[in-house]
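Naming follows writing order (A, B and C), and every chain is counted from residue 1.
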Amino acid sequence: MPTIDLKPSAESCWELWQAVRAKRPLVHCITNFVSMDIMANVLLAAGCSPAMAHSLDEVEAFVGISSALLVNMGTLSPEWVAAKKLAARRAVELGKPWVLDPVGCGATPVRTASCLQLLDCRPTVVRGNASEILALAGAAGSGVRGVDSTAASRDALEAAKQLAVAHKCIVAVSGEVDYVTDGTAVVGVRNGHELLTLITAAGCSLTALIAAFVTAAPQQPLLATAHALAVFGLAAEEGLRLAPRPGPGSLRVALLDMLHLMDQATVKAGARIEVMA
Amino acid sequence: MPTIDLKPSAESCWELWQAVRAKRPLVHCITNFVSMDIMANVLLAAGCSPAMAHSLDEVEAFVGISSALLVNMGTLSPEWVAAKKLAARRAVELGKPWVLDPVGCGATPVRTASCLQLLDCRPTVVRGNASEILALAGAAGSGVRGVDSTAASRDALEAAKQLAVAHKCIVAVSGEVDYVTDGTAVVGVRNGHELLTLITAAGCSLTALIAAFVTAAPQQPLLATAHALAVFGLAAEEGLRLAPRPGPGSLRVALLDMLHLMDQATVKAGARIEVMA
Amino acid sequence: MPTIDLKPSAESCWELWQAVRAKRPLVHCITNFVSMDIMANVLLAAGCSPAMAHSLDEVEAFVGISSALLVNMGTLSPEWVAAKKLAARRAVELGKPWVLDPVGCGATPVRTASCLQLLDCRPTVVRGNASEILALAGAAGSGVRGVDSTAASRDALEAAKQLAVAHKCIVAVSGEVDYVTDGTAVVGVRNGHELLTLITAAGCSLTALIAAFVTAAPQQPLLATAHALAVFGLAAEEGLRLAPRPGPGSLRVALLDMLHLMDQATVKAGARIEVMA
C-alpha cells in the first residue's frame, strides 16, 4: 500500500477513506456493552472489520492479528480494565495504533483512576467529549454528568493540548465543532448534527472509526483522526437529509446506510476540515 | 423545579413529560445485556440521560450522581446481583427512587430468589408482565415461559395489589391494558400495541422510562408510572401509524423517533389513563 | 403436534416455518454480547421466543425449560465457556437439540480450543462461515480474519463433511451458496444477499433461527437447517427489495420486518433449496 500524504481537506478525506476500505482493517474493540452493536455496525458499514474480544487469556493474541485497538472505558469492571491494559500494552509493543475513549471520565473516582491508568499505556489517540477531556486532563474533575458532555468542546481545547503534549498523543474533543490537536497544531471539523447526541454510543463508534482511519495513515494520526470525524459527521448530515423524520431512530438507520453509500462527490462537497492553529 | 400535581389525565401526561425533559434526569441502569442498546436509546429519545454501570466498586458512586436507579434482573449472575443489591440499598439511603424489573421471575429458582432479594431492597416501583408479577407475588410459580408473559395482565391484578401492600411500593402489570396500583387505587392505561411484544427489551426500556418519570413527581409514583406507560405506549401507536410497514424492525425505529418528536396535541389526544379503583 | 416430513423444497419451507410459529419454541441463547439485541429480535420476529441466560448457577435450569439451546463462541471468557459446556451437556442429557456457532474459530489458540471443547459436547448442528468450519475441522488453522470469512463456502465443503461424520452432527457452511451436510447428503441454499455481511451478528442470529427450526422437525435436522437458512436469506432479499436504500441500516430494519411479514406465496416463490449430493 502506498503511503498517503494527507492534507486537511475534503479531497484527502475521500482518499483516506478509500485507503481504509482497501485495507479493510481488523479493529479489535474492547468496549462497553451498550456500544457493541452500533460500533460493529459502524465499522462494517464504513468498510472495516470489527472484532470484540475481552478475555484476559485472549486479548493479546487478538491484538496480534488486528490492525488497531479501540479501548472504551464504559461499563468497566476490574477484570475488563485489566484486559484493556494488557491489550494496550501489547499494541504498543507491536507498534500498532490504539485509541482510548475515556467514557464518563470524572463521573466516579474509579472511572477517573481507570482512565488515567489507560492513559499511561500510551494511546495513539484519545477521543472524548469536553467534560471527559477536561476531567482526564485534570483541568476539572467536576461537571461531568454520566456520559454526556456538559461543557462545550472549545472549553476543553487547552486541556486537550496539555494532554497531547504530556502524553505524546493526539487528542480529539467532540462537540458542535470537533477539535483535534497534537499539542501544537489544531484542526477543526465542522461536520455532524446535534441529533447524534440522542443516539447511544454514536461517539463510541466514532472513536472506533478513528482507530480504523489511523491504520491507513499511521504517520499522520492527527489528520487521520480529523478525517474520521468528518466522514462520520457527514454521514450523519446526509443520513438526516434522507431520513423520513428527524428522529434518532431514523437517523441511526440512515447513518449506517450513508457510511456504506456516500460517494466521492458528497464527501468532497461536504467534509469541513480546517487548520485552526 | 415547582412541584407537579398530577391527575390521571392526558393533560397531566404531557405536563409531567415536559418536567422530565426540563430535569433531564440521569437514570443509572443496571440491566441485562440484551436491553442496553434500546434502553439507552429510549431514555435519550425521551429527553433523559442514561448511564450503565455495574461494577461493584463503582455502583454506589454512580447512584450518588444519578436521579434514579433502574434494576433489571435479566442475564443475571452472582456478581451482578450483588451490585444490584448494593446500588438499590444506596438509592434507598439517599432517598432516590429506584425501579425493579423482575425479568423472567419464576423461570428458574435462582431467578426467583434473586428477584425476591431485590424486592426486599424496597423498590419504589416494580414493573413486570403478568407472569412475572404472579411469580413474584408468590401467587403462582408456574406458567412463566422465559421472559414472555403467558398470563393476561388482569389475571395478575390481585397479586399486584398484595405485592404493593406487602412491600409498600407501586406495582405495574403490563399487558393489553396496563394496571398500576399502590394496593388500593388502580389506574389503567390503554396505550400500546401488540407488536411491541416482538421488540426485545421494549418492556425493559419502558421500566427505565418509569424511573425517569418518577424523578419529576417523587410524591406521586403511582401516577408518574401510569404516565410513563401512556407516553411509551402512545409513542408505539404513533410510530406504527407512521412506519412504512407493520413490522417490528420499522416499529422500533419509529418508536424512538416518536419519543423524540411527539407533540403536545398528540399526547393530549392520545394518552388513555383512567382511574379504575 | 403432528410430525413433519420435510422435503428440500420451498413448500416444505413454509410448512416448517408455520410449525415453528405454532410451537413458538423457547430458544435459550448463550451468545456473544454483540449479537444479543439482533438475535433476540430475529427470533421474536420469526415467531419464536428468545431467552438469554448465562450464569453457571442458572443455565442448566434454563435448558430444562427451553426447546433448544444456541451456543455462540463470540466474546468468550473462561466463565462463559464453562457455562456453555454445562448447558450443552444438559441439553444432550435431556435430548434437546443444541446448535453451535464457532465464531472466530481459528483466530486465536484460546478460541479454537474452546470451540473444540464445545464440539466435543455433541451439538446437533454446527453453523459457521467457511474459515470457521475449515479451522474447526482442522483442515486449516490459518486464513481466519477476526470473525469474517476469507474463504468461499465451497472451499469448506469437504471439511464440513468430515466434521459431520466425525462428530455425528449436521454442519452448515454459510456463504454465497450455503451448504448443509450430514457427511453424505449435501443440500444447497441459494438465498441471501451479500449486504447481510455488513450487518453485525446476522450470521449469529441465523444460527439461533436454526435451533428454533430444528425443534419443529427433530428427526430431520439437515433439512430443518436448510429451511432456516432459506427463510432467513429470503427475508433479507425481500427486505432489500422494500428498503428505501441498499444500505446495511435499512436492510437490518427490513429483515426484521420480513421475518414477521413474509407470506406463503413469497416463501414458495423465493426459497431456493436443492439437493446437491
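Quick note on the criterion: a residue touches a chain if its C-beta (ideal position, glycine included) is under 8 Å from a C-beta of that chain, and two chains touch if they have at least 3 such contacts.
Chain labels with UniProt names: A, B, C = hydroxyethylthiazole kinase.
Fair warning: this is a prediction, and the values are worked out from it, not measured in the lab.
Colleague: Using the definition of touching given at the top, classify the network of chains in this structure as line, ring, star, complete or other.
Modeller: Chain contacts: complete, every pair touches.
Colleague: Could the interface between the copies chain A and chain B be described as same, meaning over half of its residue numbers are common to both, or is it different?
Modeller: different
Colleague: Mind checking the centre-to-centre distance between chain A and chain B? Centres are C-alpha means, answer in whole Å.
Modeller: Centre-to-centre distance between chain A and chain B: 33 Å.
Colleague: Which residues of chain A are in contact with two or more other chains?
Modeller: 33, 37, 244, 252-253 - these are the residues of chain A that touch more than one other chain.
Colleague: Taking the complex as given, what residues does chain B use to touch chain A?
Modeller: 26, 33, 36-37, 40-41, 44-45, 49-58, 61-62, 65-66, 242, 244, 252-258, 260-261
Colleague: In the complex formed with chain A, which residues of chain C make contact?
Modeller: Per the stated touch rule, the residues are 32-34, 37-38, 74-78, 104, 107-111, 145-148, 197-201, 244-250, 252-253.
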